[in-house]
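In what comes next, subunit A is part of two complexes: it sits with subunit B in the first one and with subunit C in the second one.
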Partner chain A sequence: MRKVAVVGAGMTKFVRRALETGKELAWQASSMALDSCELTMDDIEAVCLGTAPDAFDGVHMNGEYLSDGAGAFRKPYMRSYVGGGTGVFAPIQGWYHVASGMFDLVLVVAEEKMSSYYPHAQGAFLTIFDHTTERPLKPNLLWIFALEMNRYMQTYGISKEDIARVAVKNKRNAADHPSALLGDADITIEDVLNSEVLAWPVNRLDVSPVSDGAVALVLASEHVAKRLTDKPVWIEGVGWNLDTAYWTNRDLAYPRYVEYAARMAYDMAGIKEPRKQIHIVEPYDPFDYKELHHLEGLQLADRGQAPQLVADGVTSRDGDMPVCPSGGLLGVGNPIAAAGLMKVAELFWQLRGEAGKRQVPGTPKRGLAQAWGDLMQVGTVVILGR
Partner chain B sequence: MSDQISNYPGTSLSESQIQDGEVLSFIDKMQADFAWDTGQAISSYLDGFKQGYITGAYCSHCRKTVVPPRSVCEWCFHEMDHYLPLADTGTVNTFSLCYVTWDVQRIKEPEIPAVIEIDGASPLHGIMHKLGEIEPANVTIGMRVQAVWKPPELREGSITDILYFKPLEE
Partner chain C sequence: MNDRVAIIGVGWSGFRPVSPEYSYKEIMYEAAKRAYHDAGVDPRKDIENFVTVAEDFHEGTSIFDEYTPDQLGAVLKPMHTISGDGLHGLATAYMLIKTGQFSIVALEGHSKASNALTHDGITAYAQDPVLNRPLRLNTHFVAGMEMNRYLYETGTSHEQCAQVVVKNRHNAFDNPSAPYAADFSIEDVLSGPPLAEPLGMREAADHADGAIVMVLASEKVASSITDVPVWILGVGWSNDSPGLEHRDWSSMGFIQDSARMAYRQAGIQDAALAIDFAEVTDIYAYKELQTLEALGIFRPGEAGPATEDGITQPYGSFPVNVSGGCLGTGNLLDANGLARALEVVLQLRGEAGPRQLDEISIGLAQSWRGVPTASGAVAVLGI
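Moving on, here comes the complex of A and B:
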């Protein structure tokens, strides 16, 4: 397999409702990514697109619908879709396009426009439940998160306060992100605990916001990357894994599919001691407990011990292992596929030392981004290094 | 965002700009009706509900009993050996007190969705359902519960033939 580098990235603002259409957002992020490495669409040989369920847009074959904005005209083009895991899977697909030797320059675009669905994007998620055995109970999406969060809390004796610290950290980090929707430098644990109860134990500020936005990356093979930039950031490892779709038949306190995806990526990257060798982590945080859950699945914390790392400041931006220095989905926003790719873009900027006010100290060498989705059963992992 | 980039595209709109017609939008409804075939395994599940029991499936290769029943064992990829009736009692694996509907309308009395590990199924094998006949404050993980069924003449072969699960007095 050939080495693959990230050489450019672009990103729109994440907003609750964008004036721009999905195509327009995709184009804005794509052209920014191309500009950032001084390429044009003529240089790009293939395009990989990530976008989450067609139900949000009410458009069948959303990949084709978005194709002009993503620069896919008369090019090899593929859309990947693994639910919430899509944003970190799209660059994996881009990676094997290049690693295989098929292409030297690939554009990866992730777009989401969740605001079109009325009255609330949550309705678009109802179809993830089994049509015959679950949907007659009239479930809503919050149920599965609330059920998983409660099981996680009960199994390890974790309090709501332990979990609220994650929301506070991420929303404060996002105050330094110019694209963020919910950055708040002054938010406190009390604010989170006193916010409205939606589905106990989930309060309003435990949840990331519905958002619109797009992110794009340019991937290059080694010989091309070295001509384009003296600061390539290499894709050192990728992994993905799927657990059972019978979500009520598995251990809800521990995400084994995330562990398997991480082990695949660690093996590929030659990482033996992830807690020492991963310097920045961007785990998927659509809910605050998920960041903790995922750190444990990624083997970056012992089971039930991730909350202690947060309380001790280890995961702060200036801590030993910064987690979500971007501000994550809780702070920057959660346009699903775009949010996952935002995490990979954040690692790219951090590893190049371009993250401005969000820059983690100590010239980090390696970072990990992870996303999660489908019916809580897919894990996708990318490791970047310089 | 990179400190190399100074201009961030994307224009934020508020709901009122659409409601007031300040920004044009096109609103449409889609009709989508389906009739889903239930297949072999779920047919046995639904038929069990009509008779008043919960159906599981057994794999003799893996010695696992799963619920809902399915025709293929995920672990060994062999066909499940047979379907069998399980008890209508179980243990609460996890629960929530939900104060919103699917479209985020507020409700006063919470719904209590739960994952219930069904007696007779392998450990951690449960189904999603709701709890009833209990004060929300009194629900705990690990509590024992039993299905409350519709009267036989009203059952139609659906998961909703179980109205909810209530605390089991043992």
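Moving on, here comes the complex of A and C:
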């Protein structure tokens, strides 16, 4: 198999309401990624784009609309799509563009502008549900994830305090991220528990914010990567998996689709003991309980035991297995597809020792980023290594 | 490059103007069942990866990829959606196999166009919200302007465009899956009601419902499980500017790019000589002519006269849209490119029934995503 490297990355600030259009955000991130490895669009052979539902922007064929903003003028260009998992899927799409032998240099862009939806992007999510069996109930995402969080808590006897620790850790980590929307070095567990209840057991500070932003990566084949940089970061494994649309029929306590996606990526990367071989983890954390849920699905914690890792400091930035050293979605923000790609960009900067104040100690060799989406249904995993 | 990639199975459901008794899941299921039977594979055991194509607004459901796995036998499998045409999906499945990580990949595209009552309203939402949408341009009006520019630049006549309609809708008589067969004269086409001057209503394809599933495999697997592999010799795709104000209206640059990319992989120097027949996206009749010129089959301005001379008829030296094209089989939205590729596969396998072409070994399928996009793809298939 052809080796594929990440050679450049860029991201915009994540903000609540960007004045820029989606196209402009996409181009800001793209030009930063290109500048970071001293390339121009002329060098790029193909473009891959990730963005979540068209309903946010009210633009039909939103991928077509964003194409020139992402630099894809008179170039092969495609938009891939797996709901909330899109941000970590976009680099997988870039990976198969290069690994197939079709291209040597590919730009991967993830953009999201959620603020166009007024008054709140949550309204767009009404249209993701089954038109016959679910939409009449008027569910929204907070509502269904509250069901999942409750199931997770009840199955393993986990308290809200155990879960709130994740929000505190990530928002504190994000205080060191120059692009973060909700970094807060002084936040406490009480702040999280005392924030208003949105849909019990989910309080406002258990959830990541609605945001606008974009992230871009440059991927290269082995011989091109070695010409461009002394510090290529290799894509060692990728995995993705989609479960049934009938989410009401599955046990929400454990994300099996994340397990399958992780096993696919571990197999490709030749990883036998993930808990020893993965040094940094960026699991998807749109809600604080999701970080824990995903660590278990990724086989990085025993079922129901992830909260203990957080309590013991194992997942802190200076712990044995730093989790979301970027600040995650809870701290940096959650422009959906862009937030997923931000996690892969964070691994790139961490593994190159370029993460500044967020740099984890030691010399990490391998990291894993994961995203999740659709109707609690899809897992996407990328493993990067030096 | 790794080894070659083949299409080893095809299945479809439709195509019909309306299908009120079926849901999109049921037509997908029928197409998938037929494709898996054709390829002799079990989706749960043999197929390693699934690709679908869809656009949320066509489906009336956001994050539509949620609803794709069950009816394709793809639950708890690697699967993703491309927000593109079926040929973009074909390119994706092709690349997945070329990585060497997957041997058998399934690809699905469908249209349930009859569910939408206001297609023009939906398409209007594809225009740039800042620069184009305030002009309140109707989709067909944009096509009419483009047609006008194309006729002006190339000297193509309106009669030559009408000849495309006559040919394709007549071809549809030999295709049992095509709902829009008709015996039109050029006069019938030109005397129909106007859509957006100079474009007439009979020069635009009506929508249809249907689903298409294909099974692709690596050379090693294809050789062991099928006697009739259809090889993907080359595939290309490209985007021009999405904005109406800064693109070339007379020629399809993105199809020129796509063709060049596909021809390079297929080792084709002279497309008109190397390729035996083509299936192109004729949502509007003039698009067939414009596309044939972008593909390099004819020089600019020569596709119209060639059509008049019968060169693109099934009996001509370069048959185009023997299936009936979109004008005959219907506009299948995101599945248009797959419908074109399906006909190329059936022709190359010698399974096209009364419309079977003789002595063919290489065929081309092309797609365009419709107004207002400047996005499309080209696939060159061979036996």
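FYI, the second predicted complex is superposed on the first by the 386 of 386 C-alpha atoms of A that agree within 3 Å, B and C clash if a C-alpha of one lies under 4 Å from a C-alpha of the other, contacts with A are read in each partner's own complex, and residues count from 1 in each chain.
The rule we apply is simple: a contact is a pair of C-beta atoms (placed from the backbone, for glycine too) under 8 Å apart; a residue touches a chain by one contact, two chains touch by 3 or more.
Everything numeric here is computed off the predicted structure, so don't read it as measured data.
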item	value
Clash or fit, subunit B versus subunit C on superposed subunit A	fit
Which superposed partner A:Ala18 touches (first subunit B, second subunit C, both, neither)	first
Touching partner for A:Thr244 - first (subunit B), second (subunit C), both, neither	both
First (subunit B), second (subunit C), both or neither touched by A:Leu375	second
Subunit B versus subunit C as contact partner of A:Tyr118, first or second or both or neither	first
Contacts of A:Met268 with subunit B and subunit C, given as first, second, both or neither	second
Partner chain(s) touched by A:Met102 [first = subunit B, second = subunit C, both, neither]	second
Which superposed partner A:His131 touches (first subunit B, second subunit C, both, neither)	both
Which superposed partner A:Gly58 touches (first subunit B, second subunit C, both, neither)	both
Closest Cα approach, subunit C to subunit B, once both complexes are overlaid on chain A (Å)	5
Subunit A positions touched by subunit B in one structure and by subunit C in the second	58, 130-131, 244, 246
Interfacial residue positions of subunit B with respect to subunit A in the complex	1-5, 8-15, 18, 23, 27-28, 30, 34, 36, 38, 42, 45-46, 66-68, 70, 74, 93-104, 110, 113-115, 124-130, 141, 158-160
Subunit A residues within the subunit C interface of the complex	1-2, 21, 52-55, 57-68, 72-83, 89, 93, 95-97, 99-102, 124-125, 127-128, 130-131, 239-246, 256-257, 260-261, 264, 268, 373-375, 377-378
Contact footprint of subunit A on subunit C as seen in their complex	1-2, 50, 55-57, 60-63, 65-70, 74-84, 88, 91-92, 94-96, 98-101, 122-123, 125-126, 128-130, 236-243, 253-254, 257-258, 261, 369, 373, 375
Residues of subunit A defined as touching subunit B within the complex	9-20, 25, 28-29, 32, 36, 58, 118-120, 122-123, 126, 130-134, 136-143, 146-148, 150-151, 154, 177-179, 197-202, 212-213, 244, 246, 248-252, 349, 352, 354-356
